[in-house]
Every structure is written in structure tokens, then in C-alpha cells.
């Protein structure tokens, strides 16, 4: 069942819901999901609305044009998506392959409906897994002195493949501002701690040294500032004094996989609306 | 800020959201919350919409009349509430007072906005707590042979107080069908297990004997069938072989308090929509 | 670092800990883990003690003989294990392969230290995965009329491989009493519900129909009685009215994998002590 | 049933468990709880052992003397407690009274077995609650210029009452090094965040601004460094974009109460062993 999805944000005011719902109804759309949220502090209105295209009287090309006057009237920022347009995801990874493997498994199982045609790594470790799943693999080592050049290579490959979203599945390289700007709001990272605690390097080791009783994982948008982007999803698991550092790593792996895969699934389903340094999650 | 709330369910069809949103907008209402859900299996549409009454051009009396044609057109079951009409809650309790005490505390703290003018018990234990909080207390002992008569007394008291909701906060008596019918969809119970596991008597003891590694608590609507009504909220906590039965009771108390208070809060905020043996929770 | 492990249970009485600790100390053993538990209701003492074999003055053959007088004195049931004797695990599976795949992945990653040399199934679906991981695969279809004969074939294969533990990783066949007796306390199952709720067939469907707000998974020893064996590990995850049956299945898969892998890991580390219909978990 | 408890830590070496268990056994003690832990990184051994005093052949006065040679031999730091010596707890609080109220409730319910004879506050708000529970209340306002003097007053009162443990149940004052030194390892705080995230002022507001998807609470020993002491217990709860700051505060209150009460219970049961900036929790 093909659907259209509108993600909307604008200053809160009267009549938004009615206008959007009328827009869908007047062209004979059947709403299958609608949710809205108002951030009173920011006086901002957020909406996600999804309707079936069967019997819808506007063609895909006409929808955006027809919606524009409404968007203009309310000062909306908006995006229009179609559910049959499969998202193309590139996965970046370094040497820890559990998140990569988990994402590929879930995509194959149909739990994350998208294409995953590309794996890029600064190490060769993922080559075998890429081959096993029949996915293009590019090893692009990064050194301090060649980072910009290598990122240009990455961007060429990403463009050639028509990539819509980059998932950093334990990719231990900081992306430059130039790179991030090209894929603004289109890069998701998994950080293996309960951010903002233990940002940066070796979060499990930091957590172990600190003696916390719970560890976490965080999936977030990548911005210029390391581990500072808007948080999409987090989860935690209990540990005890009996857990050595290696136990934290082992228990954390399960968390990382679950948290990252939830975030990617939400993104693919267009259920995330970023605003400022926060996110609205339409679940 | 006074608001009106509509809770709606009807067969799913096109135009419902638009019609309801237009209804609010055309009389100059400002929507502060709107959420909907479609149960595809049951082909049923559910909606909760809340808007401010400030500047709303219809008086409270006119709202229901004006909405009726829409409701009729779509075959809606619907309820209209006003947020400044404080709900009157009676709490039934036997000898375990922790849930009673917790509810009173939360009501006083402003976390559950309602009136709690009445406590009814088949035992005298809660009398002191009732006095401390300045609440009417009725001890109405129940025996097999006087249950119907005593329930009639209870109903008289409930009616005299204008009670809207009965909360069974560990009230260890089974209500008759006649009683439940009078307060249909207006009685909430806390059961100290993860239903449907361990229904009936002594759930902690059942859980202990079974050797489960997790215990739970369940808040649900009361129906004729014991511990079978639609579930509103559940939560769980981990236990281990080290936990004696008394530890299960102690850990479970925290769960019971949290689960019951969440359910009561959801009810007071009109965020629960019962259908069949299930609930939609608009959080 | 090779270690010996003693798992002990006996009537509670004075001097047990001292006797066991002295036994280890007098032969120059270094205790790396010791934990005990007393079930006061059952007046039973449980202990797990693990010590390094480096510098231990008794040979492996002598340990059991030397320990026997202590065991006899206190009326102990006991088992002796050596950590360098890798456990051989056979995995039984039907058509859902996520738990199988997860176990193999964790074994490869070194998170579960054991051998997994055998996969048995009543369906052909796992053949590819077995080949991929280089593991012996036997497809043994089960019909009502050939079950006993097929189980005899299974037992032959299990014996030939020297299997120590059978893991039912979503194996949808009920084992006969005869089969279970051969591998008493050596068969672990994953059931995709929070037992004792939703035992038997289609637990996700049962949970969906019931309208629970939380689903669970349970790993337990297999006994004659279906889904009734002693529970080893459980976990739960929150769901909502928005979750269709397929979402319960998807969310449940993560639970199943985590719960089963924890149980297998505990078994491999000899941290489970079964008594009656319960377990002591020495974590 | 009166018991003695030994809490022990020392460099790891052979024979510790045997020596301690023998000590108890030889004087006819019955061990009711024994647990140990080895931190391999720190090469340190930790033990908690509890035995009944009924039939124990040493008087309380003799136990410490008799144990000293063992302690000396292994270089132990150790403490000896008797379960019938009720701990005296002073609660410090400012204006948020939910943790205070919860602790008093649990003490009354017998869930935390101790005396709570004293409440100290820099504000008058808790006076009513103190009166209600029949507890001594001292309002001691703190200003920058009188802090040392007021702390001296506090110390006098604490000494006069024979206080063993200070619980900061949302006491919004930083204690001086001098004060902390007097009650070293005897002050427990609740911080309303998942430390080390959001230390310092207004953690809920910090969490709200950051847009985290989970909030937490942390109970820890108080040291000189604000919110930096060894962590005893933590827990977390999920939030969403729908939660306003006031919802974080409300949900957090439940966490704070549970986390602080668990920590106090563990302390009262002598199940916490601090070492460096960490804790071993013998549950």
C-alpha cells in the first residue's frame, strides 16, 4: 500500500490540523497515521501525516505544488516522502562489526525496509561481511594528512550510489564540517554510552573507571560537534561490580545494536523530526 | 487554561480527521493535543482531541449539540469532557494501605488533578489515614451473606458524593455484576501480578512458588470476570533467587503504586479509550 | 587460566563453607569465585566455588575422590567441572532462525565459550546457515507417527557427537518423556512469552489478543510438562496499542535472542543450580 | 535472629575464605550469608559474611579480638557489625520533601530497619512532616557567611543524637570538607540525574534542554567533590518529546525515591563496601 508522508513544523497557530487534514481529504486520501505535537516553550507545532495514494486524486508531482499555499500560509518547514521510494543507506564502520552485521540482518529480515548498497570503512575488516551479503565495499583509510581528500572520495562514491542516509555503525573517525554539511540531517551515529555522559573516546572504559551501575547507548544525528547532535534514541542496561570491562563491552554491544537499529528504523519510516538540538519521535 | 476533550471511536473511513479538526477550527478553537489510531484488524478509528475554550465561539452546552451531526455521519461513539470539571474519585481499600497512601500523596502534590473525597473499606485499618488527609471514611464489612446489601449501601454513598471513578487500591473483594454494571468503565483495579499470569489470590506467593525471575503489576478496568478486564498499564521488576516472598511483596509494592497511579492519571486526563477487551492509551 | 568448579547443594548446617574452602586451600587452590545461597523455606544450602588449577596439588582425577568424604558428611549433591573442557552444544531449530543465528554469532565472537558442532531441525530452512558457519546439519522431519523413531535417530547423532547440552532455539516440537529423560537437566528452551502467561502455541498472538502492555521471553529447562520447567532467565519489553502483531513478533525477537543467549552463557559457565522447579543463578 | 556481619577487603591471596569461614565455624557460628568478590584489576579481595550469634561461643566483645590475628595476617581492612544494633539516621532536606516522606514511610513499614530520630533542614518546610512522624526537627538556615558556624551546630546535634548515617534527601547545600571528614563514608546523597551526566544544579532542566530520551537518578557517597562520590545505586526511566520539564520532575521523583531508599536499605544492611571511587554491592 503506497503512501505519502508529510513532516511539518511551524509556529503554533489555529487551523493547522484542519487545513492539513482537509488537504488530504479533499483529494480523496485515506489517513493511515496522523500525530502532532506542540512544544509550548518554543511555541512550535509539529505534525506527521501519512495517507494512502490509492484513489488519491493528485499525482505525486501535483502534491507538493498543491500543498505549497498551505505551507506558505502557516510558515511551515515541510518534507514530502513516498513510502515506495526505498531509502538508500550507506553504512560506515571501522573494526567493530556487530552493529553493521545487525543492520544487515534486520534489513534482510524485512524489519528495516530500505536498501543498503554500500559499506565504507577505514579498515579492511568488514570486507568479508560485505561480500557475504553481496554489498559494495570500499576501504578508505583515513590519516590526518589525507582526511579531506579521502572524504572527497567518499562523497563521490556516495553520490554515485545515490545515498540518502549515512549510518555510522561504530565508525571511529570524526567527520569534517564540510562533509557533515553535505549530508546535513542525514547522518546517524551510535555512541556507546548514555550521552551526554562519557562522550568521546573509550566510553566503556570511562564508565568502568567511574563505577556506574548502569550503562547506556545513544543514537543521534551527527553534527559538527562530536557526540553533541540531537538524540534520537537511548537505552540502558544494569551492570554490577562483578562486571569487568569486557562484560561492559559485551553487554553494551546488545544495547548498541538495539538502539541503532531502532533509530535507523524510525528514520526510514520518516518518524523523526529534528528541531534545534532535539527530536520529535512520532511512534 | 480550560479545555474541551473529545474521545471518539468509529469505523475507519475517509474524512474523519478533517471533519473533527474543522469542527474545532470553525468555532475558533486552538488544538492543544490531537492523536489518533487505527486498529486495522478491527477497522476501527480512535481519536482524542483537546482544544482551549478561550475564544471558542460555542458555549459548553452548544458543543455537544453542534458535534452530533458529525458523530452521526461517521457512526461515532464519543464522549465530551471539560478539563475544569474535576473528577471525583472514591478509593476502595482493604488492609494494605500503600496504594491508598500513594494516591492521596500524589493528589496532594498536584500530580493527579482530581478530588478524592471518599474512602470505603471492608476493614477499619484506613480510618487513621483518612482522618489524617481529612477524607470521608466508611467501613463496610463484607460477608458472603450480606454482600448485596452492603454493596447497596456503598452505591448510596457513592451516589451521594457524586463519584465519577472508583479505584480499587488493593480492595480484596470481588464486586458483583450488579455493582460493576452501575459503574461500567468507571472502576480501575490494581492487581499485583503481571496479568494474565497469577490472576486470583496471592499472586506474590504464586510467583514465588513458580520461581519467576521478574514480577509485575497490572492496572485494569474491572469487569464481571475477575482480573480479566482491559489492561491499562503494566510494569515489571527483576527479582532473583535471593528474594524471599517478603522481598517480592516489598519490591512489588513500589510497582503497584507506580502502575496504579499512572492508570489513574491517564483516566483523569481522559487519555484512555476502551474498546472490547483492550485499551488505546493516548499518551 | 584453567579452573575447577564445584556446584553443591545440601541440607543447610554449620561448617559447610569452612569445609569446602579448606578443601580448596589445603591443596593450594586459589579461589576466583565463591558464592552461596540458603533457601530458608527449603532449609537448603547452595554453593558455587571456582578455583585455579595452577599449583593445585591434586590432579583432576584425585579431586573428586578427595572431595567425596566432605560431600558424604554433609549429604551433598554435587558436580565437578573443569573450565578447559569445552561444552558441546547441539541446537534444535524449526523455521525461525534468529535465535540460532544469534547463538552462532555469539559463540564466534567469544561471548559464549563452547563448541556448537551440531544443528538438528524438522525443516530444511537452517541448512544454509549451518553451511555458512561450517556446522553439521541434520534435517529430521517429525510426524505424529514417526516421532519416537526420529527421536531415536536424534539420540544416536547426539551421542555420536558427544553432546552435553541441547538448546531448543525455537524448535516447535514437543519432546517425549523418553527423550527428555536421556538429557535430564541438559535441555534449555526459549519460550516467546513471559511464562507462565501464554504457554503453548502462538504466544505473541495470545498476547496481542489479550491486550497486554508488556511482552516477555523466558528461557527454562525442558521437562516433561510443556513450558513448565524451571525458569533460568526472563526479560520484558514495553508495547503499546500501536503495535500490530507483527511488531510484537519483531520486538519479541530481540528479547528471545538476549534471554536465550544469557541462559546458555550461564549454563556454559556452570552458574545455574536447579532445585525442584526453581533455579539458583550464581551471577 | 541476631547476627554478626564482617565486611572485609584486602589484597587477594590464597586462604582468605577458608580462614574466615573457619573462624566462624570454630566458634559454632551458622553462616546465613556469605559473598565475595575479587577485583582482578586492583588485585583486591572483598567479602561480606554474616552469621547467627545464637550458640556462638564468643561474646560480642571477644569477636573483634579473636578476629584480629586473621585480619593482620592478610592485611585486611575490616568492620564488624551486629544486626540488633539499630542504625541511627539523620535526614537532611531542603524544600522538596518527597524523598524524606518516602524514607519515613518505608522505615515505618519495616522495609528499612533503623531509627530515624532527626531531620535537619535549611528551610522550615519539613517541620509539619517531622511533627506528624514525631521526629526531632532543626531548622538551620545556611548563608555563605555562616555556613561553618551552622555546620558546627549541626555536628553538635548529630553527636548528641549519636547519628551513624546522614542521608541527604534533596538537601541543596554543599557540605564543607571539614563536615564531610567528620562523617567520612557516612553521608549518602540522592542526585536527580544519571551521573556523571548533569551534575550540579537543575539536572532536570539540563536534561530537558539536552533532549535526552531517558532520565535517571543516582545515590552516592558524599565526598568533597560535588556529585563525584562513589555510586551506590542508579536507575532510569524513559521520557519522550511529549514530556515537559514538569513531567521530568514528576517522573524523576519516583526514581529518586526508589533509588535513594534502595541505597539506604543497602547501607543499613551493611551490604555496601566502598573502595576508591567505587562500591561493591553485596546483594
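Think of it as A, B, C and D in the order they're written, each chain with its own count starting at 1.
Here is the rule we use: contacts are C-beta pairs under 8 Å (C-beta built on N, C-alpha and C of every residue); 3 or more make two chains touch, one makes a residue touch a chain.
Predicted, not measured: the structure shown is a model, and the values here were computed from it.
*Asks:* Write down the chain pair with more C-beta contact pairs when B-D is set against A-D.
*Replies:* A-D
*Asks:* Please flag the chain sitting at the greatest distance from subunit B, going by CA centroids.
*Replies:* C
*Asks:* How many Å are there between the centre of subunit B and the centre of subunit D, using C-alpha atoms for each centre?
*Replies:* Averaging C-alpha atoms per chain gives centres 37 Å apart.
*Asks:* Give, as an integer number of Å, the spacing between the C-alpha centres of subunit D and subunit A.
*Replies:* So the centroids are 42 Å from each other.
*Asks:* Could you say which residues in subunit D touch two or more other chains, in rising order?
*Replies:* Residues 240, 242 of subunit D each touch two or more of the other chains.
*Asks:* Quick check: in the complex, which residue numbers of subunit B touch subunit A?
*Replies:* The contact residues of subunit B facing subunit A are 14-18, 21-22, 24-26, 28-36, 38, 238.
*Asks:* For subunit D, which residues count as touching subunit B in their complex?
*Replies:* Residues 98, 101, 105, 109, 111, 132, 240, 242, 250, 254, 258, 283 of subunit D touch subunit B in their complex.
*Asks:* Using the touch definition from the top, list the residues of subunit D that touch subunit A in their complex.
*Replies:* Residues of subunit D touching subunit A: 37, 39-41, 194-198, 210-214, 216, 230-236, 240-242, 244-245, 277-281.
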